[in-house]
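Shown next, in C-alpha cells, is the structure this report addresses.
Chain lettering (A, B, C and D) follows the sequence in which the chains are written, and residue indices restart at 1 in each chain.
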C-alpha cells in the first residue's frame, strides 16, 4: 500500500514533465518491427537483421540502429523511413558472438528518441546444411546400394544391360577408319576436369584407344584444358600398353590444341579439314562449339559418335551426328563397354535409385491431390 | 545416267547453302529493310508504364519518379540487347524522366557508360540532373537492398567520382519510393534476381529485356505479374524501337537528322560537362545516331529472311526426299 | 590508331568467315594467331590471377604475419602442383598422378550431394508443384475446363498432367537394366521418344534465332562501326 | 616392386578417396566454410601448374611440324610468335600497369581475341543452317516429329500477321513437352553424375589413372 502511494506521488509529480512519455507507455508512439537472428547455414559469421518501420515518414523520417558486438559499440546504421522492409547482414568475426541492436527514432524535429526496441542474437555455426540433408541421405542410400550390388556382381550374378546403339557403333566406326586409312579423332569435351562429364568421357577414351591400337589406326586426341591433357595422356598410353602396341604409341597423339572454347574449335576444325578423319568421337561437356565440330566432321565425311550431358547442346548433336549418347548414356558407357561386374553393379544401383525417385514422384503427386505434402517434405526436400 | 533434279537438291553442296545464307542476311542489312513487327502486349506494357511515369511527372514536377536501368549483360550478347537499352533510354530522355543506370558486370561498365551518354546526348540530357551513371555496384545484392532505404549511403560516389550527395538527381531519387520502374536488360538469369529482391521485398515494378534464348525462362513471371513486361530477343527490341520511333515522330517530328544537327546550335556554355560528352555531332556521328534508331528492325529483317530461307531449304530437302522415295518405290 | 585496330578486327573476322568456303592460308593464319594469342593470354592470367594472387601475395602476407598454418597450406598446395612437372621426366612421370587424383577425387566428392540436389530433387519437386507452390495435377483447373470449355482453360487443365506424364515416360525410357519387352518399358517407349523429339526439335528451332543474331552482330560491327570510322579517317 | 606399386596405384586411389570425402564434407557442413575456401584455393593452385604441361604439349605439337618441314611450317611460327608476344607484353604490363605494353595487351585482347571469338561464334549461323537442311527430313515418324517441332518454333520466333498463331504454339511447345523432356534428361544426368562420382571416390572407376590393375 505504501509503495503504491509513493509511485502515485512520483507520477503526479513528474506528470507535467513526462506527459509525452506517459502516453507512450500505454500505447507507444514509436513503433517498429525488428528481428535479429543467426544466419542459417553458415559458419557463424553473420547475423541477419530485418527491420520494418512502424511510423509514417512524416512522424519519423529516419531511424537509427545502434549495433553492439559482444557488448562493445560497433556502428550505427541510418535507415530512411521508406515504409518498406530493410534488410541488413551483420558480419561478425566468429561463431558465438553476441549482437545487440537498439533502434532509435528521429522525430520530425530531428530529436533522437528511444531506444524504442532492443533485440539480441548470438551467431552460431551450423553443422549441416538443412536444405541439403535430403540429398545427402539419398546419396548415402545410393552408396550403400552400390556396395551391395557390387558384392552381388562379384559373386557372378548376371546383370542385363540394354543395347545402346551409339556404343555398339564404336567397333564399326573404328574399323571404317582402318579400312579407309584415315585417322580417328577423339574429343573429350571442352570442359575442365571438375566436370564429371569430362571424367565420364575419359573413361570411354580407354576402350576406344585400345580398339584403335589393336587396329593400328592413326589416332588424335586434341584437348582444351591442361589438366585434362595430363589425364588423357596417361589413359591413352596405358590403353596402348594394354593392347600390346606400346610401339605404336606416340606422345604427340594427345595434345593441347588450344585453350578457350572458340580458339580450340578453330584449331580442331582446321586440323579436321586437313587430316580428314574417318571417325570423330565427340564425348563430354560441350558448349556452343558442339555444332561447329560436328558440322565440320560431317563436311569431311567422318562418322560422328557424339554424347553430352549438356541439354542445350543435345539437339545439335541429335541433328548433326550419326549416333548420339543422350545424357546418362554417356555416364553408363564405361560400364557398358568394359562389362566389368563392378561397374555394371553401379549401373544397376543407378536404375534402382531412379526407380525410387520415380515412385516418390508419383506418390508425391497422388498425395498432393489429397492435399498432403508428406512425401515432398520427407523425400524431395 | 543423269541424276534427277530431286536427288541433286537433297545433297546440295554446303558452300552453296552458305553463300545464299550470307546473301540473304546481307541484303536486308545493306538495303536497310525494316521489319515491321506487330507489337506484343508484353512489350506495349513496358511502353505504357514509362508513359505512365511521364504523366505522373507532369503533375508532380517537384517529386518526379525515375527509372533505374540495369545493364545486366556483357558485350557478347550486345547484338540483341543494345537496341533494347537504347530504345528504353531514348524513351526516358525524350520524356525527361530521370534515369539512373549502372552495370552489373565489370566488362559491361564501358558498354553501359557509352550507351547511356550516347543516348543522353541526343536529347541534351544533363549529367547529374537528368541522368547519373553509378558504374559497377558491388556486391549487387547489397546495392539493390540499399535502394530500399537510401542508395547514397551505399554508393557514396558515382562512376565519375562525384559524391552522390552532390548530384541533384540522387537527392531527389535515392530510394525505391521514387523509382517508377526498374528495367533489367540481361542475357543471364539476373532478372530472376531482380524479381526476388526488388519485386518481392519492395513491390517494385520490373520490366525485362532478354535474349531470345532466355525468354522462355521468364514467361512464368509475366503470368504472375512479377514482371510487368518483357522484350524477348531482337524481335522484342524491334517492337519497342517501333513504339519509340512513333513517339519521336509525334514529339520531335519526322526529320530527326536536322533536329540533331540543330540541337546544340545556340547552346549556352557550361551546361554540359565535356567530361561526359561534347555537345554537337559530326556527320559520321549523326549517321550512327540515325542508324541505331532502326538497328533492331533491320536486324530483324535479316533475321526473318534467314528464318524463311531455312524453312524453304527444309521444304526443298523434304520434297527431294519424297520424290526420290517415290521413284525408288516405282522401280 | 583506332582505325588500325578496328581494321585488324575486321580482317580477322573476314579470315574466319573465309573458312566456310574452304580451308585457306588466311584462315590458317587467323587460326594459328588465335591459338597463340589465347595460350599467351592464359599464361598471363594464370600468372597474375593464380601465381601472384593465390600463391605469392598470400604467402608474403602469411609470412609477415607469421600465420604458420596458412603458410604450410599454401606451400603444400604449391608443392603438389609442382608434381605435375614430374611429367617431364620419364622415370618419375607417375608422380604426376598425385595432383590428378587429388583434383579428381575432390571434385567428384564435391559433386555428389550438389548434383543430387540440383539435378534430381529440385527437378522432381518442380514436377510436383510449380514455382508458386500450386500442384501440377490440379483438380480445380480440370473442373474449370468442364465448366467453361475454351482453349485457354484446356491449356491450363492439361499442361500440368502432360508435363508430369512426359517426365515419367522419358525417365522410364532410359532404364538400363530392364529388358525391352517389359510391359512398362514397352508402354513408355513411343511417348518418350515423342517427347524427346519434340524437345530436341523445338530447342534447335528456338536457338536458331540467337545464332543468326550473332552473325548480324558481326556484320553490324563491320558496317556500322568500322565503315563509318574508315570513311571519317580516310575522308577527313 | 610391392613398394612401387603401392606408391603408383594404391596411394593415388587413397588420395582420391580421402579428398573425395573432404569434398562431400565441405558440401554438407557450413561450419567448415574455411576448409572449403582453402580447398578451392588448392584446386586453383594445383591446376595452374598443369599449364606448363599444356604449353610443352602445344610446343611439341608445333615443333614436330617444324622439324618435319610440314608445309604449314610458317603457321606454326605464327602460333609461337603470337604466344610469346602475348605472354611478354602481358607480363611486363602486369608489372607496369601504366606502361605502353599494358595498352598493347588490352588492344590485343579487344581487337584480336574478341573479334576472333565473336566471329567463330558467328559461324554457327551457317552451321546451324546446314545442320537443319540435313537433319530435318521426314525419314521416319520420329524424324517427322523433330522436323515439325523445329519448323513450328522457327516460324513462331519471327511470326507476324496471320502467322501469329505459331507464336502461341511455340510457347506451348516450350512450356510443356520440351520442359518435360529436358527435365527428365536432366534427372538422368544428375543420377549419372552421382553414380560416376561415387565410383571414383570409392576407387571402382580408375580409368583416369590410366586404368587397368
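In this text, contacts are C-beta pairs under 8 Å (C-beta built on N, C-alpha and C of every residue); 3 or more make two chains touch, one makes a residue touch a chain.
These numbers were taken from a predicted model, which means no experiment stands behind them.
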item	value
Chain C and chain A - chains in contact with each	B, D
Most distant chain from chain D, judged by the mean position of its C-alpha atoms	B
Innermost chain by mean C-alpha position	C
Winner on C-beta contact pairs when A-D is weighed against A-B	A-D
Euclidean distance of C-alpha centroids - chain A vs chain D, Å	16
Length of the line joining the C-alpha centres of chain A and chain B, rounded to whole Å	31
Separation of mean Cα positions, chain D and chain C [Å, integer]	7
Centre distance in Å when chain B and chain D are each reduced to the mean of their C-alpha atoms	30
Contacts with two or more other chains, residues of chain D listed in rising order	24, 27-28, 43, 47, 50-55, 58, 72, 114, 116, 118, 120-121, 123-126, 128, 130, 132, 134, 136, 146-147, 150-151, 154, 157-158, 174-175, 182, 185-189, 191, 193-194, 196-198, 200, 208-210
Shared-contact residues (touching 2 or more other chains) in chain A	132, 136, 139, 142, 193-194, 196, 199, 227, 230-231, 233-234, 256-260, 262-263, 266, 274, 311, 314, 316, 318-319, 326-328, 332, 347, 350, 354, 357
Chain B, residues touching no fewer than two other chains	14, 18, 25, 212, 216, 233, 235, 303, 306-307, 310
Chain-level touch network, classified as line, ring, star, complete or other	complete
In the complex, chain C residues that touch chain D	5-6, 8-10, 12-13, 16-17, 19-20, 28-44, 46-48, 50-52, 54-55, 73-74, 77-78, 80-85, 87-88, 94, 96-116, 118-120, 123-124, 126-127, 155, 159, 162-171, 174, 193-209, 211-212, 214-215, 217-218, 221
List of chain D residues in touch with chain A within their complex	24, 27-34, 43, 47, 50-55, 57-58, 60-61, 64, 72, 116-117, 120-121, 123-124, 127-128, 130-132, 134-136, 146, 182, 185-189, 191-200, 202, 204-205, 207-212
Complex contact set, residues of chain B against chain D	12, 14, 17-18, 21-22, 25, 35-38, 75-76, 212, 216, 219, 233, 235, 300, 303-304, 306-311, 313-314, 317-318, 321-322
Complex contact set, residues of chain D against chain C	7-8, 11-13, 15-24, 26-28, 38-39, 41-56, 58, 72, 75-76, 78-87, 90-91, 94, 105, 107-116, 118-126, 128, 132, 136, 142-143, 145-154, 156-158, 170, 172-191, 193-194, 196-198, 200-201, 208-210
Residues of chain D that touch chain B when the two form their complex	114, 118, 121, 125-126, 129-130, 132-134, 136-139, 147, 150-151, 154-155, 157-158, 160-161, 164, 171, 174-175
